[in-house]
Each structure stands twice: as C-alpha cells, then as structure tokens.
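What follows is a single structure, written as structure tokens, with notes after it.
Order of writing sets the labels: A, B, C and D. Residues in every chain begin at 1.
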Amino acid sequence: MISVGIIGGSGYTGKYLVQFCLNHPEIESISIYGNSTAGMTLHQVFPELLNECPDYTILNVKNISFEHDIYFIALPHGEALNFVPMLINQQKKVIDLGGDYRLDNANIYYDWYKINHTSPNLLQLKVYGLADFLDNSFYQNSLVANPGCYPTATLLGLLPLVKNFHNNIISASTSAYSGTSGAGKSVKPDLSFSEMDRNVKAYNVNAHRHQPEIEQNLIKFGFSSPYSFTTHLLPVSVGIYATTTVFLDSDMSKENIREIYNEHYEDSSFVRMRETPPNLKWVVDTNFCDINVNVNKNTIVITSAIDNLIKGASGQAIQNLNKIYNWDETAGLLKGVKNVSVH
Amino acid sequence: MISVGIIGGSGYTGKYLVQFCLNHPEIESISIYGNSTAGMTLHQVFPELLNECPDYTILNVKNISFEHDIYFIALPHGEALNFVPMLINQQKKVIDLGGDYRLDNANIYYDWYKINHTSPNLLQLKVYGLADFLDNSFYQNSLVANPGCYPTATLLGLLPLVKNFHNNIISASTSAYSGTSGAGKSVKPDLSFSEMDRNVKAYNVNAHRHQPEIEQNLIKFGFSSPYSFTTHLLPVSVGIYATTTVFLDSDMSKENIREIYNEHYEDSSFVRMRETPPNLKWVVDTNFCDINVNVNKNTIVITSAIDNLIKGASGQAIQNLNKIYNWDETAGLLKGVKNVSVH
Amino acid sequence: MISVGIIGGSGYTGKYLVQFCLNHPEIESISIYGNSTAGMTLHQVFPELLNECPDYTILNVKNISFEHDIYFIALPHGEALNFVPMLINQQKKVIDLGGDYRLDNANIYYDWYKINHTSPNLLQLKVYGLADFLDNSFYQNSLVANPGCYPTATLLGLLPLVKNFHNNIISASTSAYSGTSGAGKSVKPDLSFSEMDRNVKAYNVNAHRHQPEIEQNLIKFGFSSPYSFTTHLLPVSVGIYATTTVFLDSDMSKENIREIYNEHYEDSSFVRMRETPPNLKWVVDTNFCDINVNVNKNTIVITSAIDNLIKGASGQAIQNLNKIYNWDETAGLLKGVKNVSVH
Amino acid sequence: MISVGIIGGSGYTGKYLVQFCLNHPEIESISIYGNSTAGMTLHQVFPELLNECPDYTILNVKNISFEHDIYFIALPHGEALNFVPMLINQQKKVIDLGGDYRLDNANIYYDWYKINHTSPNLLQLKVYGLADFLDNSFYQNSLVANPGCYPTATLLGLLPLVKNFHNNIISASTSAYSGTSGAGKSVKPDLSFSEMDRNVKAYNVNAHRHQPEIEQNLIKFGFSSPYSFTTHLLPVSVGIYATTTVFLDSDMSKENIREIYNEHYEDSSFVRMRETPPNLKWVVDTNFCDINVNVNKNTIVITSAIDNLIKGASGQAIQNLNKIYNWDETAGLLKGVKNVSVH
C-alpha cells in the first residue's frame, strides 16, 4: 500500500486521477495540491463528487509534503519543471502528465514550447510511458513522462506497423479529432457552446506540439518517411479519434497485417483490436484504446479511438503506476469485477 | 452471496444492470435471458464491454432457470405479465423495471396501457420501490415494482413538500425533460440524430403513462389539488430534468422548506440536496438524484435531475436489491471506495 | 426607401439584423456602429458572411450620424439609455432590442436591473412591440421596445387565453428552455462546450429579468392569479421552448379553446398554430412562433417555440419596422418568394 | 422564365431544392413528384415550411409531365436510370443529384453500385457538374451529373494542386467527416440520436462509392500517385469537413501554392479561400466551399468544408442550373441582396 500526491488535481484530468486513486486497491492515502483551488474542498471544485467519494481540502502546491511514495503532476506545460527535479532529488517517483518531459531533446522542446528546459538531463532518464507498448522491465527509472492524448491514440495504432514495415513505407499521415475537453477548463471564446455547437475545425496545422512527440517515437522504430499530423476540434466534449493512412511500397495481405497487430496486442489489457472501425463512444469513460486496421492492397488505414482524459491522461498514468509497482496492470481501472461466475 | 437472473438484458437498461451486478460484492453468479438476442454473447450486443467484463452467452428467455434467488425484469410493458406470476409462485424475489406492476389498480392500468392485467392481485402486494423514500422494513414482499424514470425524479423532489403541506397546495405542475435513451433502442424516425439534433419537443401532453404513476403516489400523501405533468424530449441521450412549480396558499420561509428537505434526506445516500439548481451532468452515469428547492413567498420551484437509465431504472433496481437483503444501500453503486485516507 | 442605423451590430443578434436589412426591399442604405469592433469590417467579425453580402467598416458608436431614418439598438442593458433619448430628441425612430425600455415603471426597472433609469418618461411613451399581438395602429410613437426572447414565446402562447379567461385562472406557470446563444458572445466558464455538452440546468429561478416583463403584460389583460416563470439552459445553441401550464376553475372544451387561438392568429403571418407540440427545429432560423394548445378538462398546456435570435430579437425588430412603416409585415423575413406558380 | 420538375423532392435534399426554386428569379413554375409521399402536401412532409412558402400536392412520380424545361432528380441510386433516358429522349434537360451518372464507365459503376447500367451511352455524354471548376461553355449537353457531397469538398480542395503538380505528388490521402443527414431520412439503428450522440466512427473504409468518383476526376488532371479516401460520421446533422494531406517530392513556398489557389478561384462566387482552416459552421446553410491550404516544406494540408445538403447537393444543382442557362451563377443562392448601399 502506497501514499500518493497529486499536484494539480482540479482540472478535468485531475478529477479522474483522484477518482482512480480513491478506487485503487493498493493506494492507502492521497493528498491533492492545487494553485488557484488551494483551500477549497474537492466537492466545491467538483460538485458531482458529493457523496460519491470523501471530501477533503485541496492543499497549497507551495507546501508539498515529501511523505508520499509517488507524485502525479497534472499541470500546464512549463510548470512541472518546478517540481520534478526537486521530487526526483528526494528519491521520489514521479509520473508527469504534462508535456515537459516527453521529448528527448531540450532544443526540440524549446522549438515547440518556447521554454528553456531547466532539467535536460531528466529528458534522457525518463521513461516515455506508452504503457501498452512497454513491459514492466522498462520502468526502472523514477520519472515517467505520460504520453499526450493524440500521441497515445496515434502511436498505439501505428507503431506495430512501423516496427515491422518501416522500410516499406512511402508515407504516412494522421488526421486526428479531439473533443473540447482537451483544451482544459480554461475559458476560450471559440470553445463556447454557442461557437462549437455544429462546428468542426482543423487547428494548429503542421504546428501541434504532439507532432514532434509522435515523430520522435516513430523514428525510434526506424521510420524515416514523410509524415504529417493534422488535428481537429469536434463538437463532443470527450474523446480522440485518429485515422492514419499509410502507403506501402507493395501490396499486403489483410491476414498478414492483422496477425501482426493481434500478436502484438494479444496480452494487452487495454488495447482492443476491432473487426470494424471503432465507435468513439465504445472507449469514452474507459482506459481502452480500440484499433481497427483496414488493408487494401498497399493502402493501410488505421483507426484508433481513446478517451482523451483517461487513456490519453489519467488512466494511462494509473496504468503506468501499476507497471512501476508490478501490480496487475488493470488495478483500479476496470468497472466490472471479474470473479462473478456467469452461466 | 446470491444468484441473479436478468430477463431482458440487452437494452440500454439491461447493460447497466449487468455491469452493476458484475461489480456487486454480494452477487456470486448471474444469468441473462433475452429474446431477439438469445444465443448472442454480451460482447456482441455491447462491443464496448469487451475486456471490461467477462463475456457470456445470452440465454433464451423461454428456458428460464429457477435456480436464481432474485430476478430483474427489463422488458417492454406487457411482457412482464408472462414472467412475474410464475416466478412469484416459485417463491422467487422479483424486481420489475417495467410499468406493469407500478399502478395499484388494474382498471387504471388498462386505461393507460390498454392491456388487461392478468395478475391484478400482485398489484396490491407489490412494493413501489421508490428507494430513497422507503426504509428497509417496507421490503417484505417478493415483488418490487421499480419506479419509472420520470416519477423517480418528480416524486423525490415533490413528496417531502406534499407530505408536509398537502393541505396548503393550490396547484402543482411538472415540466420534465428526458434524453432520447428513454425511448429504448428501438428505431424511430423522429429519434434519428438528424431529426433530434438541435431539436426539443413536448410529447404525450396530458397523456404520458408516468402521470397516473405520479398521481397515485401524490394522493397517498394527501395531495388533492390540480396537478399537471408535461414531458419533453431533449437533444441529449441520457438524463431527466424535472422542474415542478407549486403554489401554496400562504408564504413560506426558505429556511422552513429547506429544513424539511434536509431532514428528510439527511440519511439518504443518493439524494443530494443542492444550494443551486442541479446540473444534469452532475448525475449522469450515477445513481444520484440532485434536488434544489427555491422558495419565493408562496411559490416553490423544485428542480431535480437523474440519470434515466441508472437512478431511473437499473441503479434504483440495485438499490432496491440492497434494501431487500439489508445490505449497505450503496453496495455496487459507487465508484469511489471510501476507505482511502485523505490528508 | 429608408436609411437604417444599427447600433451594436457585432453580436449574435446584430449579425441577423444586418442580414435582414441587406435583404429588405425597402431599405436603401445601412450603417453599423460598434464599440470594441469599431474599425473592423463586417467580414472580420463574421467570417461566414464573406461573399454572402458586401463588406463594410463598423463605425464608432461615438460618432453616430443622425442621417438615418430609424435606429436599431442591440446593446447590453443599461447602454441604450445613452442613445435613445438623444435619438428621440432628433425626431428619429428607434427600435431598442435590449431591456431598458420594456418595463413601464422605473422603480421596477431599478429592482430588476439595479440601474437608475435616466429617461423614465420614455417608458410610458414607448410601444411594447409584441408584433403579432398589435395591429399597425399601435405604432404611433417613435420608440419601440422590442420584447425579450422568453416573453415573446411565453406571451404569444399565453395572452389569447388570458384575454378570454383571466377571471377563471387558478394559476399559471411557465417552464422555459433556451439555447446558449441567449447569453450572447461573452465568455463564461459555465457556457463552454465542455461544460454544457450533455448538460441541462435551471438558472435565475424566481429571479429572471424577463419575469416582470411577462407579468406586466399579463396584468394588462386582467391576469391576477399566481404566476411562476422558470428558465433553463439547454445544450443547443439556438432556440426557446416555453411550456406553460394553466389551471382553470372549470373544464373547457378543446374546440372552444382552439377556436379562440385560431381566430386570434388567423391573420398572423408569423404565429403558426399547431395540432401537435412544436418541434424547436421547425422555427430555428425563422421568424415564426409555433404554438400548440392542449386541453384536458381544466388543465391547459401551451407549448410555444421560437428562434431566440430572430423571433426573440432581430426578426421581430424587422417585423416591428414593417409595422411602423405600414409595409407588408413579412418584408425581408421570408425565404420563399410567393409568386411562383405551383402545379 | 422556366418551368421545373423535381423528381423525389421529399427528402432532406428535396426540401432545399424546392426552397431554392421557389426563391429563384428565373423560375416561374415548379412541380414536385414523389413516391411514398405522392398525394401528401409539401407542408405535411415539411411542417417547418408552413407559411414560409405556398403549399402544394406532391404528384405521383408515375405521372410525370413533360411540360417542364428541366428536371432535377433526387432519388436513391439506381432509380434515376428509370427516368433520365426517357427525359433526354424528350429533349429535356436533366440534373441528376444521385450517383447513377457520375462515373464515366459502366463497369466501374457496376463494381461499386452492383447495378447494371442501362444507359451507358449517357455516362459519356453527361457533364460532371463540379460547378466551381467549369465555365459555362462546358454545359452544352442535356445531362448534368451533380457531384457527390464528399467529392465536391475533396475535389474543390485538391484539384488546383493536382492540376499544377501532378507529376510531383508522392501520395495524397483524404480524411473526410460527414454529418448524419448524408444518410438521408431513412431509419437506421446506428444513426439514432442515442447511438450517435458523443460518437464518431469511420465507415466504408476503402469502400465508399465516392472514392472512384474522386479518383476518376483526379486522373483527368494527370494524377497517378497513391490515393486513399476515408469517411467518418460525426455527431452533427449537417456538413462535410475534408482534410487532404499531400506529400510532394520537393519543398514548396507557401506563397507559390496560395497564389495558385487564389488565381484559380479569384472569380469564383462560392469558393472562399481562407487564411485559417475553415469552421464547418461558416458554410452550414450556404452554398459556399471554404478552403485553406497549409504548406510546410513538402507537406500540403488542404482543409475544405461544405454543407452536404446544399453545396454537396441541392445548392450546387441550382448553381449548375444557372450555368446551363447562362444566368448569374448566384441567382437564388445568396441571402443578402447586394444593392444596398453601405456607409
């Protein structure tokens, strides 16, 4: 049983983190730290949690206790730089849900985030926690960079193909769609209900910070072809749907490609290979990533869907927690208990 | 530990019933029986449950086993008449989620459902399971009629006032709003996405089957004033929002009225009294009923919100199960475990 | 042919005003005046109007020209007080779309708006422009107060009944539902897409500024019974749906009541009496108010639906313009030209 | 002034066709023919049109009169084969909004539609009416095949690039998103509001009938690279958003590419080149196609948006009508009259 500190628990992601922790069989105590919400109680910030879970006061992020075993950080990018080195120095384990430690290179970080990285050594030491792609042996280090929501959906769909066929790829492109909660709780005029109702729009074309994160991981598996990543906003609040088109230099059989995926994910608790393109709602409120691979001669179309706040953030963070401690990967993450006998 | 049979588990309500049962600490086995889905597996009917819970074959409703301790019936109205008397004869406990046993009188049943009731004696014996209004002593009989979704939201909001002030009420009217899932999975042209997107409409005005169900319960608490109940469809899939306006024959103090409600529900696990009108989304995916009471001289406006599929159906059914067996009323119904210490 | 000045034309309402004016057969020139948008062009403020209509620069509201024949004012409440007296002094006609001149009494205005009215004499002189309820003879004065969106839907539905049966009404209550655009373009955290998606909530219960506006008009037709008005926000961007329940002191025949409404609105271009409760989407993007009256003994349920930005604001303003000048009431407001022969 | 026959005017597309025709300055009479709706009136089929336009009886499609000058056909695919040859034989002009005459080759038609084409000679004679890409000189023949909704959005975005750089394209792929109205009014379980709310899903991957239609037109402009086209359903009722990614064999300057598009569409009334990716809602209820081209070295991302029922069907059909008769291309299609002077 461990003690957990949650730094920045009053956003959309933080809410799920708290709920998962409260429901986790191996967590015996939690503290939550906030900035603007310090001094408020959890139920004041999230009225929907009244009676659902115990209430407690959000502590001030300036007074973080070092008594916890592990810390989740759910802060806007740039802010984790103020906490991670300190916690690592205290021999603590850290799972950072933001973007500050995902890239391996401080220069690339600067190019995309316009911030000078103050602990570049940790960029090399961290584990990039794409949980369904790593076995537990990878989790030796103290710092896990939890992947971004778009990269999670995209990479889980694309990496098995890249791993096997990187030399045969002519090009690949991802067209990805996100619900509005990806932008967080902050108020933006173009994300009002009146503006987004009935609306769809591409944004940050060729300029989204998740692009170098995806590319860095594709390259690790040998990918060196043209790649493009385009993001869109949808009139849903939750979810990411990523459609990736890959052209190969020769035709492939469906059976061959599907076998690669099925083998790759056969032991996975949270990646579900599908016979048809997934429905986004199949994964909403879950930690699953649903993937379909369609093969037509040399054209591969991969569709993958996740809940951006869970699989793309807090759920995957809990999955990483479970892997760090060698617990059952699904601990705290499934709704249905599995020991009911069914006739 | 008990064994549960679910008859009609492949609709929207059935899905939640199965999930709650699989997650329930006191249920050791379940069987699910269906008509058109008999022979299919749960994962075929609900692809989103893959990996979330064990798969199993839906049994044919014609071959119901009597080995279970209790049966949930989630069938279209009229069909429960074919099962309930048989099960009661077999000394089984039954919770019927449909409308066939909610009314006390077979003639009124005929007037509203146009079906001759074939077991009118059970109408008198049944418990009308408005769970948050009954203590466990009420659950002596074998048959519980689970309240309708609209009556649940409306009565939980209105009954405490009626109980105390029925002699002072000039009139009361409820304007209630439902998501489309209340109509079930069956296909209706006017409930297609293209038709309901951006749409709102009143329906069954002065003619909704939930009206006599509400009135029957108001009358039990002494209500004898004019009452009207109007239902609407909203462009949301889940939830009911009921706004009830009551005019009294003299002015009331806010404190007085609120105290009545707070006292009434102070031990309730699932009714949450609110300082402001509830947000529908606070209760979606939960078994809560959130209620606000606004007092302005002699005008009382009560707003109440529930998830129609959970509090208005399967969740309340589980709550009734818990009350029948004298278990913790919240068993299987809350997401957050309460024994985590919080600092 | 006239010249029109639009003061405050860069909100949701202003956009429609501009479009209606550009499409109006009797308007030969328009100018639009703004505050924060002064100096921008119409196409910059409303990118969707590119190529749809000519572009032009929004003029500064501080430099309003008196060359126009009539002025539409679409400003937040309180601000019209700075323009209306000046324009009336210049012998101009004014249609104010805000709330500043709708109430007849400066004290009541203060109670609800917390602003001291600086031209209370105009409160008496103005016409309350509920267009479908007034014939052209009412439009003698220079100032028209365009009704609020909720009052328009509510009063058009309720006044014919009140006019005929005010002595027989036990009580009346309206439960009304609005899309988010009623809150205007300003940014509010609780109106973000992430917050309003799947949400419904009552607001300003017993405290909405449109309540005294409705009551003032009910009283004019003899109403003196208890009345309550409750407003809700829906997850749609456009539209108002008002459901009013009236209890009478004796039973009525459906035919009698319907005849009263049909007679009342038989010459109306924009009120459409319906056999069933209206669908909100029937009126979206139109100047229609659709009304259904359901009679069940002594209970009358009136449902009415409008587009809040058109019938509840800019469209009714144009209708008022047409009535002021004795033009065809529908000029500029219908999509379908009527002189095509149809076989 | 002409007379128009509309065959199949009771679907979503037919409604707009009727409205555009009623509003068209050069159309003096219309008749509408239907199957299942024959004998009903327009207002019965579309209650929202009451008072908006004259009512009239829908005639039986079996009794089509040959008195009209031109016929619009808005029928499910396969059915136009029964009407088009007959009308062409009668020397009539025909604009077919369905898929039966869009492809040039009867064998390819069979491959995708599984129907033997009974008038393959007309496949060669027809004009493929991508209106913004053709000047009026192309409209010599009597039969116009109105493009599909996806091809309209995709080709208007992609063809200018293909025309200029077809030899330099490594690959191109389109990820396109449609509202549910594209499926028509027919009832489908997976398109109910309860199912599509919050949902997104790819469908017909590598198998959509619009794919050969797009490819046929790309090939005409010299395209011979790998191309893929993936379609998705969104929880909106109206609109198509198409994102096309093109990789070139060398880097391009933004200025160069944008100049090509701006020149190409500088005289276009309905294609609006945008500096940012379009918002879908900018084009809803209009005949516009909004396009943005983003250039990043050798990667071009083209986003285009249309209203599927208007620009993707009835609006483009009217635009084609205007081009056939050499009328102003915008006749009947714009809301704002342009002769109002603006100061």
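Here are some notes:
Keep in mind that, in the parts below, contacts are C-beta pairs under 8 Å (C-beta built on N, C-alpha and C of every residue); 3 or more make two chains touch, one makes a residue touch a chain.
What you are looking at is a predicted structure, and each value in this text was computed from that prediction instead of being measured.
Farthest chain from chain A, judged by C-alpha centroids: C. Averaged C-alpha coordinates put the centre of chain B at 47 Å from the centre of chain D.
Centre-to-centre spacing of chain A and chain D amounts to 39 Å, using the average Cα coordinate of each chain.
Centre-to-centre separation between chain A and chain B, using Cα means, comes to 36 Å. Residues of chain A in contact with at least two other chains: 195, 197-198, 235-237, 279, 281. Viewed as a network of touching protein chains, the structure reduces to a complete graph with every chain in contact with every other.
If you check the complex, the residues on chain B that touch chain D are 12, 179-181, 183, 185, 187-189, 191-198, 235-237. On chain B, the positions that touch chain A within their shared complex are 19, 21-24, 27-31, 47-54, 56, 59, 65, 197-198, 269-270, 272, 274, 279, 281-283, 285-286, 288, 334-338, 340-343. If you check the complex, the residues on chain C that touch chain B are 170-171, 173, 175, 177, 195, 198-203, 205-206, 226, 228, 230, 232, 234-239, 241, 243, 245, 247, 277-281, 284, 292, 294, 296, 298-299, 301, 303, 305.
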